[in-house]
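Same chain, two partners: subunit A is paired with subunit B first, then with subunit C.
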Partner chain A sequence: MKIILNNTNKDLVDKVIENGGKRVTECFQCGMCASGCPVASDTDHKIKRTMHQVLLGLDEQILDKKAIWLCTTCFMCLERCPQNAGPTDVVIALRRMSAEKGIIPEAQIEVANNIYHLGHAVTVKKGISLREKVDAPPLTTAGSDKKYIDEIQKIVDSTHAVKLLKIRKEWKPKGDDVIACD
Partner chain B sequence: MPATDYAFYPGCIIPLRYPDIENSIRETMPLLGANVYDMVGAGCCPPGGAFWSVEEISGLTQSARNITIAESMNKDIMAVCNGCFCYLKNSNHILMSDQEKRERVNTILNKVGRKYQGTVSVYHIVEILHDYIGVEKIQNSTKIKLDGVKAAVHYGCHLLRPSDHLMAENPEKPHKLDALVEALGMESVYYPKKLSCCGAGGGMRGNNPDVTLKILEKKLLNIKYSDPDCIVTACPFCFLQFDLGQKGLRDKGEDFCIPVFYYNQLLGLSMGLPKKRVASISETPRDGFIKRFYGVD
Partner chain C sequence: MAKTQSKKKKQSDEVPRIGVYVCHCGTNIAGSVNIGEVVEFSKNIKNVSVVREHMYLCSEQGQNMIKEDIKKEGVTRVVAACCSPRTHEEIFRKTLNSGNLNKYLYEQVNIRDQCSWPHFKDKDNATNKAKQLVKSGIYRASELEPLQDRKLSVLKSCLVIGGGISGINAALDLARSGYHVYLVERNPSIGGKMAQLDKTFPTNDCSACILAPMMVEVSNTPNIELIIYSEIENVSGHIGKYHIVVRKKQTSVDWEKCNGCGDCSIVCPVKVDNEFNCNMDKRKAVYIQFQQAIPMKAVVDKKKCVKCKLCEKRCQVGAIDISKNEDEFVEFDVGSIIVTTGYDLFDPNKKAEYDYDHPNVITSLELERMMCASGPTKGEILRPSDGRKPHTISFIQCVGSRDEKTNDYCSRICCTYSIKHARLLKEKYPDMDIYIHYIDLRCFGKGYEEYYRIAREKGVKFIRGRISQIDSIGDRLEVSGDDDTLGEQISVIADLVVLAVAMESSKGAKKLANLLNISTDKTGFFKEIHPKLKPVSTDSDGIFIAGACQGPKEIPDAVSQGKAAASAASSLMSKGEIEIEPLFAQITEDLCAKCRTCESLCTYKAIKYTDEDKMEVDIALCKGCGVCSAACPSGAIKANHFTNKQVRMQILALTEGIH
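Coming up: the complex of A and B.
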C-alpha cells in the first residue's frame, strides 16, 4: 500500500523530515511499531496512529497534545519497523516542532535547567553526601567546579535550546528526585 | 581493539545517587586489567529526554564537549550507563560522519577553548567486560561463587537499540550480560518480554509517575514468572527504576521486593570487596541476599 500525499499534508511531512524524521513517508501502517511499544496500552501515545496523522497532515491533533512526550525513547519501534521508517525519530521531530510552539512538559524543563545550572541531570549536594557515606573519592565531574558549568552554559547559550527549554537565569531545583536521565 | 586504559565517563546517576556502584566499577575493573581514569569536568551526556527532544545542536555540542575530555586523555570512553552510551556513541557517529554538523559544533566549542577531533571510540562497560576482558578471566577472578542463584537479567533499551549505530549486541537476542552473570556462577533465567523497557526513560519518570509504575509493574510481573533471587542490570537508570520503583509499588500495597544489583556490584562482592563500599545504597533491601549468598552482614 502506498499513501498518496496531497497538498494539505505536504507541509507537515516536510517539517517532520526537516526535524529528523527523515523516513516517515515509508510507513505503510502495518502496526509493528505499536506491537512492541511499552506505553501503547497505557497511554494516549499511539505510535501507529501518530505516523498516520503525520502522513495525513493532522498537525493540530499531534502537536498540541502531550501524548508525544509519553514516549520512553526505547527505540523498539525503530528497531522493528520493516520499512525502517524510524518512528522514534518521527516522535523526536514532533517534540521539536511542539517545543517550537512553546509546548513542553515540566519534566523536560526541570532536567534541562538542572543540567544548565548544576552540570548534571540530578542535584549535586545530595550526591556529595552519599559519596562520603560510601567512601567514594571526591567528585571530579562538571558538578564539582563552576568553571565546568560555565562551559556548559556557554554552549547552551549559543543554541536555540536556551529558549526552547525555558532556561532560567535563577534556578532552584524542585527536589532531589531523579526525574529523567535517559 | 581497545587498550587496557579507559576514560571513565560516570554520567549523573552513578556518581550522584549510587556512588557505591561507582566504587564497584573503580575497584573491579583494574583487578581485571582494565584501568580507569577520571574524565575531569565531564557533564551530563545529555540524554534524549531534554536537549535532543527540542533541538539537535545543543545536545550534540554537549556530547562533543564530553568526548573532547577523553580525546585530551588519548583514551577511549568507557560508558557505564545505557543512556550515556547511546547518546555519546550516537553523537560521536554523527560528528565523525557529518562535516557540516561537526563544523557547527566546533564553532561553539571554540568559545570554551575546545575542539572535537574524532579520535576516540565509545564503549559500554558490558562490551569491555565481555569482549575484551572475557568471561574466563572474570570466572578466575572471583573468590565466592554464586552457584544455583537465579538472576533475571535486564539489558535495558539503550545498550541494544538503535542497533545500527550502537552495534554492541544482537538487538533481538543479546547474550553478553547473561554470559557475564553466568561467569559469577549464577543462572540467568528466562522470563517473558526480557527486552522490554523498564519504563523510566524519555522523561516518563518525571512526566507521568503513574504510567512509569504501570510499565514497571508489567515488567516485574514478567520477571516474577521465573522467581529469581535478584535482578541484574548494567544501567543505573534502569537500576534506579527497579530500586525506587519497587518501593513506589510497595507504597501502593503491591508485593514487589526483588533485590536489584548493578553487575559490577555482584562482581565486586564475588571478588570479596566490602559491601559498604560496593553495594550499600538501595531502597529495595538487598542485605538478605548478600547475607545468604555471600555470608556478609
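Coming up: the complex of A and C.
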C-alpha cells in the first residue's frame, strides 16, 4: 500500500530522542547496523528500516509491532555504526515508548515479574543444586535473601515501572526450576 | 663548437643507430604483452643497435638508461614502446635533449593504449600487434630529421571571456601580476550566476557579500579593461598575438555620463520579464541589472523599448539617446585568452512527468531568488499560485542529470544546493515539512559531509528513490515515488515542488568554440587537453578554460580553476616569448602551382595566398596536421616531422610480407 508521508507522526523523532535514542538523526542509511545484526536474517527485526521509519515518523509501523522486541541488545550495531547513531539506543527508546502505550509482549512481562519476585530474570534452581554436588560453596545472589528482594521491590515500586511492566503482586513463576527464599 | 657540429652531422648523415626501449609499466603493459618477445623481435630489425626493457621507463633510472646509451653506445635515434605520447612524449624528448641528442629524433609507440589495454584478453595477438607497431616506429625513426624549436614573441595581455566568479578571479590574478586584462561580459553587469544566489554552501555566507567586493575590485583595477554588454565577434591570429573583435551591443546610454541613479527605470512604462529574477517579476525596458551591478549603469533593452523617450527627458545628466541603434566594435590584440563562459540550467519542460507548467513546480534557482532579500518576494517563500506560505516542500534531485535521455553526467552541485535550501528553510520555518528525494547523495567537498549531517539534525527527511510523477490534487501536488529502504511506494502531498535542475553547457558555447577553434566534449562543455596534466588548457595553444564552461562545478572549484587558468596564462606570457614545436608545413615554391587547394582545406587558416603571388604558411597557426601535404597535387608541401618518406616507411613496415 502506498504510504502518504504527510500523515505521519511529526513528533516521533523528538520522542525517541527524549527516550534515549539521542543520535537517531545521524543515521544516513548506510546499512552497517543491519548487515551485522544476528537476528535480522531470521526475524522481522530490520534495524536499518526501523531507523528510517523513526525519521519519517511512521510510528504505527514500529510501535505496535513485535519486531523491536526481537532485538537481543547485543550492541553490535551500536559498536559499529559509523555515524554513532546508536541503533540499540533507538530500539530501547522505542521499547520504552511502546511500554508506555501498554504494549509489551508476554515473555517480557514474565521476565519483569521474575526479577520483582525472585531477584533473577531467569530461574536458577538446577544450577544451585549442581554446586552442592561438586562441593562448591553456596552462592549469594540477589535472590538468596528476602532482604535483597525487598530492596528490589522497593526500588521498582518507587517508579512507574511497576505499572508499565504489569507487576502482579499475586504471582507464581512458571515451571519448577525456581528458587524462592522463605 | 667544432665537436658539436660534427656530432650534428653524424646524427643526420650516417647510418642511424636506433635504441629501442620497451616499458613494462608495472603490469599495465607487461600484463598482456609479452615484453621479452617484443625485445627479441626488435633486435633483428635493420638499424637497431640496442634493445632494452624497463619496469618503469619514465623513472629517473629508465631515463638515465637511455642517456647512457646515447653516450656510450652511440645511439642516434630513440624509439620508446610505452604509453601515450599525449602524456609522455615531452618527458622523453627532454631526456634526449639532456643526452645531447636532438629531441625530434625520438619516436614513441603506444603499446599500452593500442595493445595491452584493448587486447588484454588475448595475449598472443596483443604481443603480435605490439611487435608490428614497434617495427613501424623503428622504420620511421630511421628517417627522422633533427629539427629546431622556433621562438615566438608573446603579448603580455589577456582576454577573459565571461565575468562570472571564475573569470573575475582569473582577471584579478592576472592584473595583480601586471598583465593587461580585457574582461568581456555579455550581460549589463559582471557577476554571473553567483550574483543570483542568496547564500552559498558550505559556509552559508551571503553570496553578494563575497562576490560584490571582488566585482568592485575588478572595476577599480586600472589593468582591467571592462567591456560590458558585449560579445566576441571574431578571433584571428595565434598564440602570443590573437586579434580580437568585440561587438559592443548598443545600450543607448552614455556610460561616461550615467550615474546609475535609476530615474530612467522609474519613468519607463514598458514592463518586461526580469531574467535576473528567473522571470518571476518584471523589470523595465531601461534598467540596471541588479542592485550591486558593476558597472552601475543603465541599459536600454532595444528589443523591448517603445521609443517614448520618457527616460531621455527624465535623465538629469542627459546620458540617454534612444535614437542610437548601431552596435559598436572594439578591436585589440592579446597574448592569451581565458574562456570562463559558465553554464546554463537544464530546461525542466523536457521532463514532462515533473509538470513544470504548474506554477508551484519551480526550479532551484527560482527558489534561490525567492530566498534572496533583494529577490521578487523580498526573501519570503510563497507559493506562486496564490502567494501563500507553503507547509510541505518536496525537492526532486537529478532533474536532467544522470539520465541517458537528457544528460548522462552528474551535475555535482545539486545535492549540496538542495541541502542548503532545505537547511535555510528549516532555520527560518522550523515547522516546515521538507523532503529530499534523491538517488545518491553526493556531498563530496570539504566540509560538505558536516553540512549534510546538520540538515538531518534539523529534521530534513531524505528519501532514496527517483520521483516518477507529480499530479495536482486540489491546490496541492502529489509527489509519487518509491522509498528504497521501506520497499514501498510513497507519496508526499506538497505545497511546493523544487526541481534540482542540471548544469548544462551554455547555449553560446558551440559558437564560441568555433570562433576560438577549441573542442567541446559530447556534453557540449569545453574540453581540456588532459584532466590531470593539462586541466585548463585547450587544443588551441594559448587559450585556456576555467569554471563551469569546462564541466559542472561548484563555486570553490570554479574559483580554483579561474586562478589556475590565470597561472597557466601568466607562465605562458611572463618571458614575452615562447618556444613552439617546429611541426609545421613547408612549401617548396618551385613546385607550387598556386592552385590554393591547401588554403581551402586548412582548418586552422594557417595557409594564405599572398599579394606576392605566393602561398605562405603562418607557422604559429599551423598545427602540422598534414592535410595540406596529403592534398597537394604537386607534392610541394612538406609536413615537418611527418614527411612523406617517414609515413611511407611506417606503411612499409606494416605491410611487408603481406601479399
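The rule is simple: the second predicted complex is superposed on the first by the 159 of 182 C-alpha atoms of A that agree within 3 Å, B and C clash if a C-alpha of one lies under 4 Å from a C-alpha of the other, contacts with A are read in each partner's own complex, and residues count from 1 in each chain.
The rule is short, and it goes like this: a residue touches a chain if its C-beta (ideal position, glycine included) is under 8 Å from a C-beta of that chain, and two chains touch if they have at least 3 such contacts.
Computed from a prediction, not measured in an experiment: that's the story for all the values here.
Visitor: In the overlaid three-chain picture, which partner chain does A:Lys10 touch, first (subunit B) or second (subunit C), both, or neither?
Guide: It touches subunit C, and subunit B stays clear.
Visitor: Going by the contact rule set out at the top, does A:Gln29 touch subunit B (first), subunit C (second), both, or neither?
Guide: Second partner only.
Visitor: If we overlay the two complexes on their shared chain A, which of subunit B and subunit C does A:Asp135 touch? Say first, second, both or neither.
Guide: In the superposed model, A:Asp135 contacts subunit B only, not subunit C.
Visitor: Who contacts more of subunit A, subunit B or subunit C?
Guide: Result: the larger residue contact count on subunit A belongs to B.
Visitor: Which partner chains sit in contact with A:Lys48 here, subunit B, subunit C, both or neither? Use first/second/both/neither.
Guide: A:Lys48 contacts subunit C only, not subunit B.
Visitor: For subunit A, which residues lie in the overlap of the subunit B contacts and the subunit C contacts?
Guide: Dual-contact residues (subunit A): none.
Visitor: State the interface residues of subunit A toward subunit C in the complex, per the touch definition above.
Guide: Where subunit A meets subunit C, its residues are 1-6, 10, 13, 25-29, 48-49, 52-53, 55-56, 58, 83.
Visitor: Once bound in the complex, which stretches of subunit C touch subunit A?
Guide: Subunit C reaches subunit A through residues 392, 433, 435, 441, 452-453, 456-457, 459, 461-464, 480, 483, 485-486, 488-493.
Visitor: Which of the residues in subunit B come into contact with subunit A in the complex?
Guide: 10-13, 15-20, 22-23, 26, 38-44, 46-59, 61-62, 65, 81-83, 108-109, 111-112, 114, 157-158, 160-163, 171, 195-197, 199-208, 211, 214-215, 218, 237, 240, 244, 276-277, 280-281
Visitor: Subunit B touches which residues of subunit A in the complex?
Guide: Within the complex, subunit A touches subunit B at residues 20, 36, 38-39, 42-43, 66, 69-76, 78-79, 88, 92, 95-96, 99, 104-108, 110-112, 115, 119-124, 126-128, 130-131, 133-137, 139-145, 147-152, 154-156, 158-162, 164-165, 178-182.
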